């Protein structure tokens, strides 16, 4: 089975730099994949993407060594299994708030006897190779999102579920749940403490920790603290931020024969 | 009929800042349109976009005041007329190399008696309004691309074709045609001279001039010289450049626990 | 945040005239939106529409002042939250049969602390504006469908769930559940009584009531009774009914040289 | 090969009632096809439809006895032949203005030795049957659009091209070309005369004549005059007209608690 | 309502030969449907297909007498009901492991009073006919997949749920669940015994039994034993196996001027 | 720039085994590409494929070492250049009947000064590499189809056009043009002679020859004669032939409890 380079990075105690895909298009995904991201996550939850668009994006990523990961919309078995059959090498599941949630997630993503994943890796065989059925359980990476006060309360009971590989922190949702402002980087103090706590407990349980960032300096600081999977921005944010950079620098030029925009 | 804000800018002797769309997706287009570009050009020629994707992109742009423009793949009547019927307020036609080319282009984009455009503005009526048929000829903007040595030879005979509104310069193709390197900004001397010459002749004929740029400083310099329609970059370049900025700044951080990429 | 014109109508004690979209296409949706419907509901339940088509339809509606509403396929958190992130300003949830159903629905559609909606309004920010996160809870409208005998039994316990804005009645399903013929307009007596009862109780709880109609006279009569959201027909029915009008009037013409159809 | 029911109607000297498809969607097309139109024309010229959407619409029509016809965007061999390979049983070609245009059109739509159509009827074999190659030349119907002053000047030389089956009149374009208002039904006098003239000459040459109408009374009157293929309206017009009927009758109701629309 | 030819075969005690569709494309589906399969199953679970692609595939199948069946991704009411509304005449539900699972499945697929299926058969009316609402309950076929050890334990309590029509065996999943190799045909002994047992119990309860096969000889042997619905292969396997046949026979030719492949 | 493995095979005097894609879907294409074809040709002419579907198919092929080739619909510059920009490494142009046709084809597919290809290899840069502009002229392969009596008459003047790399023979069209039956393999004598003649003249001019075949024995025999690019079958034929093999062998089984099909 094709190597999961994310696991290789982790074996070397290195963090993956993860890109984020919210645009439902294979050419955008292919363009992103050719830039050298370690991993790219197709966001089926908050991204404007559903299953069929995801398939073409997975194909586009498969033209490069970038590892394809998918954030599923919810802890629902139908779409989680379809995502794996389509060849995702990692799955991020939102809102894992209880031990039971974590157990379900682990079950849905392992073949029997470890779990209840149904057999039929139609595209995964093309991407992973003919021995995918033998190695999928150990190759795929499962991220549980810890992003609510409830999940914090249940943290150790979640993290001790066998078969979970990593946690992923969404600072926005975590902030909202703790009554703070929904931001990625400059989080309020209670959120900052919660993030440190999650990192510490995940590490203690032998799991990797990942986190969503807006800026590279924040991502680097979090890697330094021990995060081993850091997202920076997204395709849609690159379009918006890049456009604004251009437009601001143009419209700020003194005396240029330009309109004021709208 | 809905105002063409590009013409309004021009009446005020102001340049439009134009964005460029090569990704065939309406959410990417909508994201771009919300950033404040004066105009956005959907590129059916070198962009990864065909007619049906273009329609959804035009709809996405129509949620904002940004003016929708389309570069057609070639001087072919079928697609040019379909583009207008879909509601484009400007058309950029590549490779207008002779007076006959320019005459055809003008004919395809005007209703009789000025031209031979067939009648059926199905979506254009929604976007432009019920009086579109009466005003389309005067509202739509037609750009002829001047991008070959042959076009330079025929420049005045092209520019004097009645009904043409503007020229658009593709520095890459113009460079290739003149035996130079295909770049947008730091063009070789013969290309720089040709660009100045086109601008000067277009202005003399009462036409506006537009040009494709890679950087904002170049675009501003060209506005200062008299260009009134300047493209900077494209959606695909924003994804690539933005990703590389992130990845380079991350991987350049000394001592970070990161892999070297691939 | 962009105003929700449906709430404005309601503040003026006026009913919204709602159109219904079952065709999964953005041009059909745009054509409908340009006719002046107060609201348009994209039907993900019985319409031939899934998420990705819905996004392009929401974009098409966003070119007009018509308020975009979505009926979701079922009380499932994944698709409900995706629908809101895509910019729906109202959600109609089928088969809300118990207080627990209503509580879940309300939770899925409110950010913390009121609910458990996950944060990531990717397209909703474009449509609603940058302050969407602050105002979404109060701007979005939530309709619970009351359409079974079980829901009638639990009516007051459903209607008293805080955060619910309105009910929506599907006369067909309600009829089936009460053992009557599945029709929209000329419902059997038990259904007519149930509809009146729901309207009365919803009003008593301070909620608005909506209902699906086939004909305008029925819709007007229901508005007169107090309904404040009335659907008439659907895009697919307009195609069918309009075609049949043409074909019948043609084939009924005496002596016309026409075939008899098939 | 599957019968072309349009030819059968013509052998019985009966007119076909033709519906018109501008919405690029197979469910809309299937809904239309189930209403009993003799023929349905997918409009690749002014409709919002390209090739790939057309294929799914042809499949949808193929679920019924309605005969599938396509109006191509222009007299271009690539798309004309692709349309036939996809199973169209009739082709309407716009802007046939000269004898040479008509000859090209006839050539593109016949296999050798009659024409130059390339061989590869991939979907047409499924729809038409295994003997499609033997009978396609005689089964497919070719309509040349006569819609300009130039075409009127060349009328007899166009109509005498062997292999042409019918003409189709677009009153809008014909009106524009004659300096009149672009309407379908209540055309100006010069257009009315031109239409009668085309009908008379087509009939004299043994060709059938078709025409685009807005209303059924006009269509019936034209059948009575001898037209044997009459289009009434389109899918997009049914949506618009049907919506306006509902909205007007609702908003016109005295005292109804409705807003005034926008 | 249009006949369900699968039920007709069963009334004659004949087995249906079922094809399997994993490619999300209507032309592939139409090509398959024209070959004479009794039934074709669109696989939304392990196939690379979601709802919107499925609709176009159902339309393609509807151009032939082949009966359209859908395997849904999971026992989830939203997609099950959407599938029926789209015109599926049979539904295969994976992982029916308990009596409660079976009861839910039966409820989701019957209108009241038998079940809780919501009313709105938008495309099903086109395919099935205007009397679809009256006859759908008795016409549609429901297959519960028996594919785990748990389901074997609950077999009789599952099979005795009223309203279930048939079982379908996925030998791969059943094998995995029993600790055996995941294959279709040459199953390990415990799986072979389980398959016979399921067939025997289903027959005893008056249900039909179906099974997935890789080869025709196995399918025939299973028909001889009493299976009345046998799948052989899939569209994707036909592409893979057919390509390999060609490439192997070519590359095996002695002395041919061919490369060795990659 | 990424190697063109087709040219490598040719340098070794080896023939490429070419697969053919008529199904407009990226998963079907990816499945085909993983079987080991040397090259795969996406057929935009007779296949049910247009540009946008082609892009996703090219991406799918790019996940493997198979070389992507496209047959364009016609000798039209717009689509030919779009195809190259999308990353095709070979182009097959139908109906090259005259020296002028060949010259145009060569011009459209070379950058200046050799030709008139417009510059903007948006996706080709991703697939081919950053130095694509420098090497594209020499890396891409151009096939002119010789398939009419007219082309035979002009054979040497076509073959001597500098910049042409190969010819491709469509036996069906060639047969029709010579008044014979349209078949691939067991062609009539005049066609057989023409094929030999084309092979001989192409070889004499230093060009490679390719041909469409239905069976492997014919393809092998043609390789033995000197053809260096042989197509066998197509994806759609694999579906049809494979299905018929299954259905015939099933229905032929004596005494099986099967229906007779339809």
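A, B, C, D, E and F label the chains in the order they appear, each numbered from 1.
In this section, a residue touches a chain if its C-beta (ideal position, glycine included) is under 8 Å from a C-beta of that chain, and two chains touch if they have at least 3 such contacts.
The structure displayed is predicted, hence computed values, not measured ones.
Any chain that touches chain A and also touches chain C is listed here: B, E. A separation of 34 Å divides the Cα centre of chain A from that of chain E. Centre-to-centre separation between chain C and chain F, using Cα means, comes to 51 Å. Computed centre separation for the pair chain A/chain B is 36 angstrom, with centres defined by C-alpha atoms.
Shared contact sites, meaning residues of chain E that touch two or more other chains, fall at 22, 24, 27, 31, 34, 48, 50, 52, 55, 76, 79, 123, 236.
Contacting chain pairs in the structure are A-B, A-C, A-E, A-F, B-C, B-D, B-F, C-D, C-E, D-E, D-F, E-F. Within the complex, the chain C residues that touch chain E are 22, 24, 43, 45-50, 52-53, 72-74, 76, 79, 94-95, 147-148, 170, 172-173, 176-177, 179, 182, 236. Within the complex, the chain E residues that touch chain C are 50-52, 55, 76-79, 81-82, 85-86, 111-113, 116, 118-123, 133. Contact residues on chain D toward chain C in their complex (touch as defined above): 5, 9, 12-17, 19, 22-25, 27-28, 31-32, 34-38, 48, 64-66, 216, 219-220, 223-224, 228, 232-233, 235-236, 238-244, 246-247, 249-251, 253, 256-259, 261-262. By the touch criterion given at the top, residues 26-27, 30-31, 34, 55-56, 59-60, 62-63, 123, 126-127 of chain B touch chain C in their complex.
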